[in-house]
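Following this line, the structures themselves.
The following pair of complexes shares a single chain, chain A, combined with chain B in the former and chain C in the latter.
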Partner chain A sequence: MGSLFRSAEMTLCQLFLQSEAAYACVSELGELGLVQFRDLNPDVNVFQRKFVNEVRRCDEMERKLRYLEKEIKKDGIPMLDTGENPEAPQPREMIDLEATFEKLENELREVNQNAEALKKNFLELTELKQILRKTQVFFDEHEGGTNPTESMTRALISEDAIARQSGPVQLGFSEKHYDPEEYYPCFVAGVILRERIPAFERMLWRACRGNVFLRQAEIETPLEDPSTGDQVYKSVFIIFFQGDQLKTRVKKICEGFRATLYPCPEAPADRREMAMGVMTRIEDLNTVLGQTQDHRHRVLVAAAKNIKNWFVKVRKIKAIYHTLNLFNLDVTQKCLIAECWVPVLDLENIQLALRRGTERSGSSVPPILNRMDTPEDPPTYNHTNKFTSGFQVLYDAYGIASYREMNPTPYTIITFPFLFAVMFGDLGHGSLMTVFAAWMVLKEKPLQAQKSDNEIWNIFFGGRYIILLMGLFSMYTGLIYNDAFGKSLNIFGSSWRVSNYNYNYTQSVTDIMLDPASEDYIGYPYPLGMDPVWQLSKNKIIFQNSFKMKISIILGVTHMLFGVAISFFNHTYFKNRLSIICEFIPQVIFLVALFFYMVILMFIKWTKYYATLTDTPLGPRCAPSVLISFINMVLVKDTPYEAVCETPYMYAGQGGIQMFLLLCAFVCIPWILLAKPIMIMRSRKETSQYSVTHNQLNSATENGDAEQPIHNNTSQPPAAAHGGDGHDEEPMGEIFIHQGIHTIEYVLGSVSHTASYLRLWALSLAHSQLSEVLWSMVLNKGLTVDGWTGGVALYIIFTIWASLTVSILVLMEGLSAFLHTLRLHWVEFCTKFYSGNGYAFQPFSFELILDSASQSKEE
Partner chain B sequence: MGAAALPFIIFTVLWGGVGIVLPIIVPKNPNRGIIQVILMLTGACCWLFWLCCYVAQMNPLIGPRLDKHTILVMARAWGNPLN
Partner chain C sequence: MACCGPKLSLCGLIISAWGIVQLALMGVFYYIEAVALAEDLPEVHSYETLDDFYSQMTRGYQQNAYNCWIAALLYLITMAISAHQFWLNNRSSLSV
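Here is the complex of A and B:
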């Protein structure tokens, strides 16, 4: 196992596989997931590769499986997900799988077709049944009541003009037809979608000039449309008319409106008989339909048991053939040649896997794994586990570390939650966060199994360990700030007390400032964090600001120095002595001489001045402002001071020391700017006198450092040769420009980055003020109501307070503090040492392939 | 100096223990290095944070400005009644 401090050492390997063993070997490597294959035929079209056919077959199988899955989902059958991971089947099993899927698909399609046909039949019969039932009413009306119809007809005809205007009306008998014997004209009956009725009526009326008579009745129950499976409402209609011409016209209109026409006998007896026939046929159909559905269900249930398994198998086969497509075929066609990146430490595992693969395939010739030398940069591979992966993601989002570069993740595991907590410090809010994260961590397994596709939840869950540490550290910093939901805890007893005031005096003034020089202060501070008395005082912000600003700078300078220190390990690892001398050392001097000195001043100010020593040079009036002192130091100006203090300085000789530090810092600027390019220039002049052979060697290992003799054996870490800054190809002018930018970035960056750490103070101030306001403006209102109403009021107000606390103070403030912390790490910390020019190791791993496949399916 | 020795010793020993002693006794396992770094940084960060807060209050140059009602309550509750 590699450690997380640097990415794992990688090597390029060449792999010779027997054609018949290749499949099994690749399958074993896929299970292992530690090998990244390179495409050896990048100029070959995807369609011209060797195993295109197999990939296509896999695609086809996947399509069939998706079809099956869709059908299973449609029927709401639960799919069994045992979570087991079947091995990739042998190539010969592929045919069996194909046959199985083919059979299943065909069976299912057939069943579906049959079911559709049956349903269509069923629909027709039900419609016919409805027609027979409804038309019965129409016919009954005719037989029972000729008179009303007649009178209606007459009335309508006489008021023909009005009827026309008033729109479509049932109408349609010319006057000569009142004889009941001749009364039944031709008619057609059918069923139409209900929403089409008005248009249909109007069309009939207009096309037939009012010479038809339409009756319609709604079918109450919705009918299922067999092609789409939707429930639709329909109506039965019957149209009376006369003459063949009208008949063709009516039929055309019916066709146009997609109405289905059914034969309907005129005689009541026939109708009754027909209705009976229809009923029996419907019953028969129902049994058949039921059996068909049963069969379909059985097929699907059987398929649902295996479908996940099948998916895994098919995807594995497909992945293997995809990988085989990247390989090169040897001239004899007996052998496949692959190139791959592998972690050096895992070579043994890979050999074992290859051996297993060979045994499985029954091949007698073992595969050959050769290490190769390459001028290329290997991929970056960090061994993470569930705890560290979340933190690694933070940096991968910024840029994948260069190969073998110091990985900031191990340090970030603590510094990230800690800096977050400095901004978010609150015991109450921190414990809420901890409880939430602890729940996620403890319920890890079941929560993971649920595989939610809620993006926000997945982000929280993925960062559960980050959140847990953030919560724990927030609790600690909250304890130090003495803040819990905006209130303080008085655990050890305050160091301040009220002494020597009499009652009358206290009543005559609005407020009193306790005197630190008197007995009000017991002489030693509250042991753990802020004294609770400050929570009650009116000048709390003044006191806390000075404290929080100072710790922001202290933590910031420490953090930046830490970053610069890491760059030292990078330089030593890459044997880059030039950078240590010309970059690391002046950088440290610059940072220490200016900013770390300021930190020292802060501690001096904290410890040296006493409130009791009033009117002496160490009294409170003489304590100089650290910031002003620092600014004046840089500007080389004198600080004004009061006569009683005698000196503007904190210690003897401060002026001289500051002058010296300032000079050191200024010397560092040309040192960083010029030293390195000049050294490179000189060494180049020397090497240019070297023979041509050097150049040849140099081109063989493109990145070789000019100052170093080149040993091209693999026993040496490959990075050693590649580690220089790759200046050899760059023209001199560019090196100067590069270094100039670097210098400006560092020098100006030190100033702006130090100031940038003040966000620690700003955010923590905002957080504590917000929580205090929320307490006094919301919860306090509930606490001050008397009597039983107080209980009710508190109940409601607590709800509001609690939800605001969670939503604003924990979630929103937490998010903002998180982003600021991220920035502090990416910009202020990373720029000191991190180049992030690598590319990630993407191993051929079934696990990853299956994960991404199941995710893309869910979205 | 306005420091009391006891809290200083307690917290230094506590965080020193976390940051120095624990990393030494971490059992051997593949992640030993990471755990050591985590413990050391935890000790260092927490100790520094506590130290700053303690030192900042050691020699206060200003006192808390309190409302007169707060003064009365404080005097009564923290056992130093006004005369």
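Here is the complex of A and C:
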């Protein structure tokens, strides 16, 4: 029962595991996820631990799996995610897994290498094909010899050069290696990256002093670079020149620009023959390439079926060995000793898990779980479910609760959406929010399985229950405010009648004010919330402001009093009587005497005065302003009043009671400030005197162990670590300073926090005004179009209005209202009782480890 | 034939579902001549007598009621198109 309002009771345990059974036991505990292990060898280097070899092997396996996964993703093969959760495999299975991964990786690497070589081959052949095709054009032009340059080239190519070229022509790329020196070619042909062409041309021109002639043509289709897989654009070029010297120079330049040179026969017939050969080789290569791809695909598809499973297994093994590394070896090396935090309520489950682990490993010696005493603060562990976890996160973000401190989450489930809805009160916007959240809640399972890595979506999805409640509460407050997209709904019939307006009156008056003193009001109110007629009246804002401001203060003071009340339960739980007397009681008196009294004044004002009783002491002119009365009460000043009212007060004896309350409040300040430190000082003096005498006594009966109290750690809350008694080591001066700060914070805080709750009114006003403006500035334009075209205009303008409503009013205003609510809880509510000095319980759990692993992978 | 992407068609679906519900309801409210909507009527320019004014207002209410229902019908069509597109997108993404 206590688990809902406080964090779970924890205990430190010592665990003795037989070395053979350790692995299986830890694996079972990981599945259970309720144990937080402590590092028992913090001064040992990571590389000197016992199971470092196994961890390294797991890392290696993980690397191989990642490589496989990358290849699978590259091919776009869907990975089967069955969502099944295989158990951590036995240590001996690790070797099998390693062998499988090794084989797969090697196979894949080989296939990839082959594919790369083949692709390189393919690229060369395609380039050669392109050269043959393009140079054909050059040579054709050259045969035509129409322009002067061409004829010059022709002149440059001597007859005997052609004759010498009649050597045997080989086909294919291997030919590239043969030495063209012996043929004395007067041109070279090759392929170069397109962006290098201009530099290449300039370089050739300069280095050869204009004695070479370059022709180039672009290859239209991009070619695939086999090493990087990029698509690159290349150009074919052909260079004509004369002489050996020029040739070496040209070749060097080509090399420098990483151009690939290919042999190109001079004679057209040879070229044609060569082209044919190249074509057949390309076709052959294509079939081989296709087969290689098929093989690779088959290997990857087979791997994709299991890869998620393998990942889970490897990660589990790794986590187990990491945990085992935290353990201590005992002297005999026969067993491992672990220390862990466990929730007391779950000890049974842990024992069961350990027994299962022992059975699985076939060991005969059961593991021993020993509770230990410790002065340390245990971690804070709140049992949550999918509904409460969202709310718990709100407080964990502020600060993890101290161990066994009151957990405000259960109350927040109601107060948070309620305060939000006070600021976001609109039936229409609330229902939009509700529909969205309800969809997320209903489709919970499939949406959860999708595991999106969109951060914003994950925030919304994580808070789906908060959003659902916020939406429902906003619908309720919207009904009370009678606001739906800025319009009112007249469900029960208004309580106002407009009967005595004649024609001339309506002509002259543009805005109508509602006056409850007139006969327009029929005497009894609208049954639910605001009367719809306020929407059309001019004094709507004046009326609503005063109403909403009062409501905000009433809610705020109640909320703060509630926070102070929770601190009472903290003090009683930690048996801190001093804090109850010296902090809790004066705090309550201070808050009640000043601010709760103001709330009472509001109710008196609401119930006592009537608009119809003009010129009597209960008339509207005599209702005193609550704020001014309050200020004058604190400043001890008289409130001015009119003669009709007879008195500035609301009830008899108000002046005296106010004086008394003020005195009470002021007495509380020194009470909070001084009482506690003085009490501590006194008790310290006493104990020091006592201990002197006690020590003398003790020395006499030194061996009397029976007198020592037996510590039963679990049944007794660790009061010593918290509250007033925990100041043992603190010097007196510091206690005084802390108490001073605490007092100032509380006294000034009560004033500023009460004022801070006015944000409830301010945001609510802003929201209703914004929605009204949006309606009249946008949707109104569509509604006032005359005639049948109005339908189409409305169709278009409604879309604009709807998107603005969602983006500005629901999303932005919702976010701002959410943040203000969060602030009200963190600052105004939490400071009254929450210390938040704890640290979170981080159990060793496979679920968490796998989740975080898959998260980090996607980033 | 899919001419809208998955996001656009989803957006169309949501807006048209909202539009149908709200505009149909607003049509009903105009039809019963809700006072809250009196400001959202085509302006009455000139009138001789009070009865004339009332009849013009009533005509405005009727007109706006029909306009709202027309817009709701248009949204019904939008919804049908978006739903078809959404279905097409879903099917094509599944088949790949």
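Here are some notes:
Heads up, the rule we're going with is that the second predicted complex is superposed on the first by the 745 of 859 C-alpha atoms of A that agree within 3 Å, B and C clash if a C-alpha of one lies under 4 Å from a C-alpha of the other, contacts with A are read in each partner's own complex, and residues count from 1 in each chain.
In this text, contacts are C-beta pairs under 8 Å (C-beta built on N, C-alpha and C of every residue); 3 or more make two chains touch, one makes a residue touch a chain.
Predicted model only: the values in this text are computed from it and were never measured.
When the two structures are aligned on the shared chain, A:798 is found in touch with chain C, with no touch to chain B.
The wider contact with chain A, measured as residues touched, comes from B rather than the other of chain B and chain C. By the touch criterion defined above, A:47 lies against neither chain B nor chain C after alignment on the C-alpha atoms of chain A. Of the two partner chains placed by superposition, chain B and chain C are both touched by A:536. Of the two partner chains, chain B is the only one touched by A:609; chain C is not.
In the overlay built on the shared chain, the residue A:790 is in contact with chain C alone; chain B does not reach it. In the superposition on chain A, A:496 contacts chain B only, with no contact to chain C. Once chain A of one complex is fitted onto chain A of the other, the partner contacts of A:487 are limited to chain C, with no touch recorded for chain B. Overlap of the chain B and chain C interfaces on chain A comprises residues 503, 533, 536.
Note for the complex: chain B touches chain A at residues 1-4, 6-7, 10-11, 30-31, 33-34, 37-38, 41-42, 45-46, 48-50, 52-68, 70-72, 74-75, 78, 80, 82-83. Contacts from chain A toward chain C in the complex involve residues 432, 487-490, 503, 532-533, 535-536, 776, 779-780, 783-788, 790-792, 794-795, 798-799, 802-803.
Chain C contributes residues 15, 18-19, 22-23, 34-43, 50, 63-64, 66-71, 74-75 to its touches with chain A in the complex. Only residues 1, 3-5, 385, 388, 410-411, 413-415, 418, 422, 476-477, 480-481, 493-499, 501-503, 506-507, 509-516, 520-521, 523-531, 533-534, 536-540, 542-543, 546-547, 550-551, 554-555, 558, 603, 606-611, 620, 623 of chain A touch chain B when the two sit together in their complex.
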